[in-house]
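Since the structure comes first, as structure tokens, the remarks are kept for the end.
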Amino acid sequence: MDISLILGMGSAFVCLIIAFLMEGGNPIKLIGPSAFVIIVGGTFGALAVSFGLAKVLKMPGGFIKAMKPTPHNGVKLVDLFIYYSEKARKEGLLSLEGDTEADASFDPLIKKGLSLVIDGTDANAIKEIFEIEIMEFEEREKGTVMVFEQAGGFCPTMGIVGTVLGLISVLSHLNEPERLGESIAAAFIATLYGIGFANIIFLPTANKLKGQLKEHVAEKNLILTGLISLQAGDNPRILKDKLMGFLEEHEREKVRSVD
Amino acid sequence: MDISLILGMGSAFVCLIIAFLMEGGNPIKLIGPSAFVIIVGGTFGALAVSFGLAKVLKMPGGFIKAMKPTPHNGVKLVDLFIYYSEKARKEGLLSLEGDTEADASFDPLIKKGLSLVIDGTDANAIKEIFEIEIMEFEEREKGTVMVFEQAGGFCPTMGIVGTVLGLISVLSHLNEPERLGESIAAAFIATLYGIGFANIIFLPTANKLKGQLKEHVAEKNLILTGLISLQAGDNPRILKDKLMGFLEEHEREKVRSVD
Amino acid sequence: MDISLILGMGSAFVCLIIAFLMEGGNPIKLIGPSAFVIIVGGTFGALAVSFGLAKVLKMPGGFIKAMKPTPHNGVKLVDLFIYYSEKARKEGLLSLEGDTEADASFDPLIKKGLSLVIDGTDANAIKEIFEIEIMEFEEREKGTVMVFEQAGGFCPTMGIVGTVLGLISVLSHLNEPERLGESIAAAFIATLYGIGFANIIFLPTANKLKGQLKEHVAEKNLILTGLISLQAGDNPRILKDKLMGFLEEHEREKVRSVD
Amino acid sequence: MDISLILGMGSAFVCLIIAFLMEGGNPIKLIGPSAFVIIVGGTFGALAVSFGLAKVLKMPGGFIKAMKPTPHNGVKLVDLFIYYSEKARKEGLLSLEGDTEADASFDPLIKKGLSLVIDGTDANAIKEIFEIEIMEFEEREKGTVMVFEQAGGFCPTMGIVGTVLGLISVLSHLNEPERLGESIAAAFIATLYGIGFANIIFLPTANKLKGQLKEHVAEKNLILTGLISLQAGDNPRILKDKLMGFLEEHEREKVRSVD
Amino acid sequence: MDISLILGMGSAFVCLIIAFLMEGGNPIKLIGPSAFVIIVGGTFGALAVSFGLAKVLKMPGGFIKAMKPTPHNGVKLVDLFIYYSEKARKEGLLSLEGDTEADASFDPLIKKGLSLVIDGTDANAIKEIFEIEIMEFEEREKGTVMVFEQAGGFCPTMGIVGTVLGLISVLSHLNEPERLGESIAAAFIATLYGIGFANIIFLPTANKLKGQLKEHVAEKNLILTGLISLQAGDNPRILKDKLMGFLEEHEREKVRSVD
């Protein structure tokens, strides 16, 4: 598990509390049940209309996914394809048939693609199959990211709604000036929750999921490039040259050399 | 009918009222006829200028459409095309002629496309016909989404207009301080309505319609891919491989296997 | 003439006045000559710098254009091309020569394109000529839309400038508290004008012009598709299938059937 | 020189002053040296970090460029290419060699392109050379536009910084209520300068430069289209048809007719 | 080292302090430890969630990179490729083999590409290898830019959070009016820090890094264009014509002439 998410949210919340204490505030004052009801209820409602109940109920799953470390399989994948390429060169493409079973820990696309290559499927058909696969995968996953992004968009406006509601309530009781300060303070809690939840929870989580998605799409594109190169019978050095572009500078020296 | 829309809007409004009650506010105070006149009249006017009266009067139709569940015909469509592909393999493309009548419940594009394939229309012509069809369909439907999006954009600014109008009216009566609080509160109602209507009604509905549109376009692309694959005489396994990309992971195992 | 524009702007302004009266305000108070000078002068100045004087002086022409109903010639155009296609099939492309004069009410592109087709111009050359034509037309017309969009952007900021100017003036006369309310109210008039003009006049007009432009571009694309199909000698049914994609569902049954 | 820029900025500033006088303000009060220091210093600093000192120091050059009228050489260029095309038809491409010297007032691209055409350079090579040229030209010029756009973005935030600084200073001297109004007014000057400079100077200038750039790019694309058509040996009427798309409706009748 | 970054940030901060002194403020008052804790802690937390701890800890490295001057190797690269082209013309492509070692100071892509060209690799393969390389390089580097951009986005919202927290704390102590001014002033410090850090540090640095990235990508595209031209055996003048497009006007005359 990637501790960044827990650590990041935690440190942000802790810093807010510490700063409030430094200013002589009483953290108990930051508890606003009515603000909480508005922010959570309003945001939940707007999201349920936007994406349907089912997708909103999957948000905890999104959080758990965002806590997983972003995978970096690039080097392993390049090594794998160099191995495939060398084996295909020496023993023919058909020799890879026994290998297809071996890679259960990898993206199932490899297995699917390898069997297409071995069956002698046309390069354009493979390309088309993979391009649909990758594009639709990206489209679907962006849907999940968008739920979090929109949550980050609705939260602060619900906060403003809450504060306006609070001020309306305050303004009707102007004849009790001694309670005025506390009431206005309570009204601001909604703004605090709205901006806070959006900027500490929802938007950063959306960023994290977007980063993971980018990595996954790059990995799938690496696999597609490798398969097409394999099918075209490129020599292993050319295949390696093509795939190296997907790796960061410091990863490149970790790739095993080609005979 | 998809209850998410009703449930979402309902829960958002109920939460606002509950929160207001928790703060000791009187919900009667939230009724602002003049604010309502500004928000509804101003937004209606801006939309009528923007899109013409006819499109604005179709907005209730848009709401009803947004209440329908987003269709998920992917698995059924893939099954259908596998069936077509297998039948065409065994009995020839012409054997599909009797089948064209059978699928009234599906997108009429299938029928149109199938008869083009059976007539031996050139693959490029089919592609062109469908690409125009899909692109223009998307363009037209985006028009409906935009009416709701713009409504969500004009609402809050009309709310600010209303609040400024209210404050101007208040500031001219500063000599009656006892009514001051109530009047300022009334001025804020316009902001409340503007932000509330936009974020609970218009923008979420626009999101919902956008999601439905995306699904419809993906479905039409699935149909186009299937037809082109059928016309090219791909074997059923390749056709299935191509179409599987359009399905979510958990839908894929529901597709029937190919002989 | 399309009454939507007049009706929309009128109803928005009337609603604002009604609401102000409902709040017991005196509409005379909404007249702010200094606010008017700032908004109009400032916005005019910013636009003159941005687009040059000539384009700003053409804005009334833009309003008049926005008042015209958006054309819907789709069905007529499809009928026309089916007729051309059938005639060309029976009597040869050259027989269309006499027809070119007949369509003065249509987009002059048809005449230009038809004579290119009759002269036997290469399909790629026709495509290139039309693509330049359509792209540059869109680019130029977008320029007009942008003047209105930017007017809608500068207006509110000039409103804020006006309000800040007003407040600065007020704050220098704090020693006359009895005039304070009125002065602050007057300062807010600038915000009102800025947001109001932008959201009731400029942005909706920009939306309307954008919608008209989209329609015109779609029409020109329909014409291009029809001409290329004519030139390729497609049979009339295929030509009709290609062009139908440009029509809305309810328009399609109005197209005459092909022999 | 195009007077629009001077006239636009001038009229905007004059209107602001007139409006302020109408409200009974004293224009001397609008002079805020500390606000000026923050806006100019802060914006300069942010721009220097963003783009490097050299580019910031070139901003006056950008203003001077924005004052020049946007060129409209379309008609002249189409005439020129028709002339080239007719001459090439009659006397061969080589006969254009003497002509290359004649067009010093035009874009040097014409001379470069013409000599490539005369040398018999491959059409794809010419296209590639010009596409790189045009794309990189656009990219570089966009860089200049961006400096102004970013200036328009940093200015208002520096204005807010200035106002907050001013308010902090005011709030520490609450014990001198008689100076309060003046001090708050002074604090608002920074907001005024920030929004004013951005919306009257920087953003409109960026718009102007963007419009000039669009025109230049269209002109270069016209030249490329003309050269490729010349190289392909299109007859002058086809060449004219291709180039006409770049002209506005009212310019087209000014183009000389083709023999 | 490019002094623009240090100079820009420095002058912005100094101007703020000078302006504050001009208004009679005491710079000591601008020190707000609690505001600092919120802005830094909150922004750090949001970034750690968004991008993971590792990338946030690399931000100082990003600053150091932004301080380096943007490279302008265009002229040197064009000269180099003209030299390669002339040598290849006279002595054959293989004669470049000895040259590959010589260019250690340049982008390693040249060496990689040159050896591909010498090995007679297919032009399409070279193009594919380089396009992956350039696209993925751009994608990865954009990731770094985004960390700074998002920091510039989170900072001001954390500032608002801090100010709201401060006001809540103030409003609970309304019974001590003598401390009111100072407390509100202290609350505004958070807004000041948030907007200031974003607009003086994070966003300008992001701009700088984006500009450097654009330059690097243009350079890599120049190299790719040069290599493909070399491989195609273009004559040195054509190669020079192609590459000149990447240079600014004033750089072009510095390129050495072709024999």
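As written, the chain order gives the labels A, B, C, D and E, with residue 1 at the start of each chain.
Note that in this section a contact is a pair of C-beta atoms (placed from the backbone, for glycine too) under 8 Å apart; a residue touches a chain by one contact, two chains touch by 3 or more.
From a predicted model like this one, the values you see are computed outputs, not experimental measurements.
Listed here as common contacts of subunit A and subunit E: no chain.
By the residue-number overlap criterion, the interface of subunit B with subunit C counts as different, with under half of its numbers used by both chains.
Put simply, the C-alpha centre of subunit A and that of subunit D have 39 angstrom between them.
Put simply, the C-alpha centre of subunit C and that of subunit D have 24 angstrom between them.
Among all residues of subunit D, none touch two or more other chains. Viewed as a contact network, the protein chains form a single closed ring in which every chain touches exactly two others. By the touch criterion stated above, subunit B contacts subunit A in their complex at residues 2-5, 7-16, 18-20, 22-26, 29-30, 66, 69-70, 180-182, 184-185, 188-189, 191-192, 195-196, 198-200, 203-205, 207-208, 211, 214, 218, 225, 234, 238, 241-242, 244-246, 248. Touching subunit C in their complex are the following residues of subunit B: 33-35, 37-38, 40-42, 44-54, 112, 116, 121, 125, 128-130, 132-137, 139-140, 143, 150, 154, 157-158, 160-162, 164-169, 171-174, 186.
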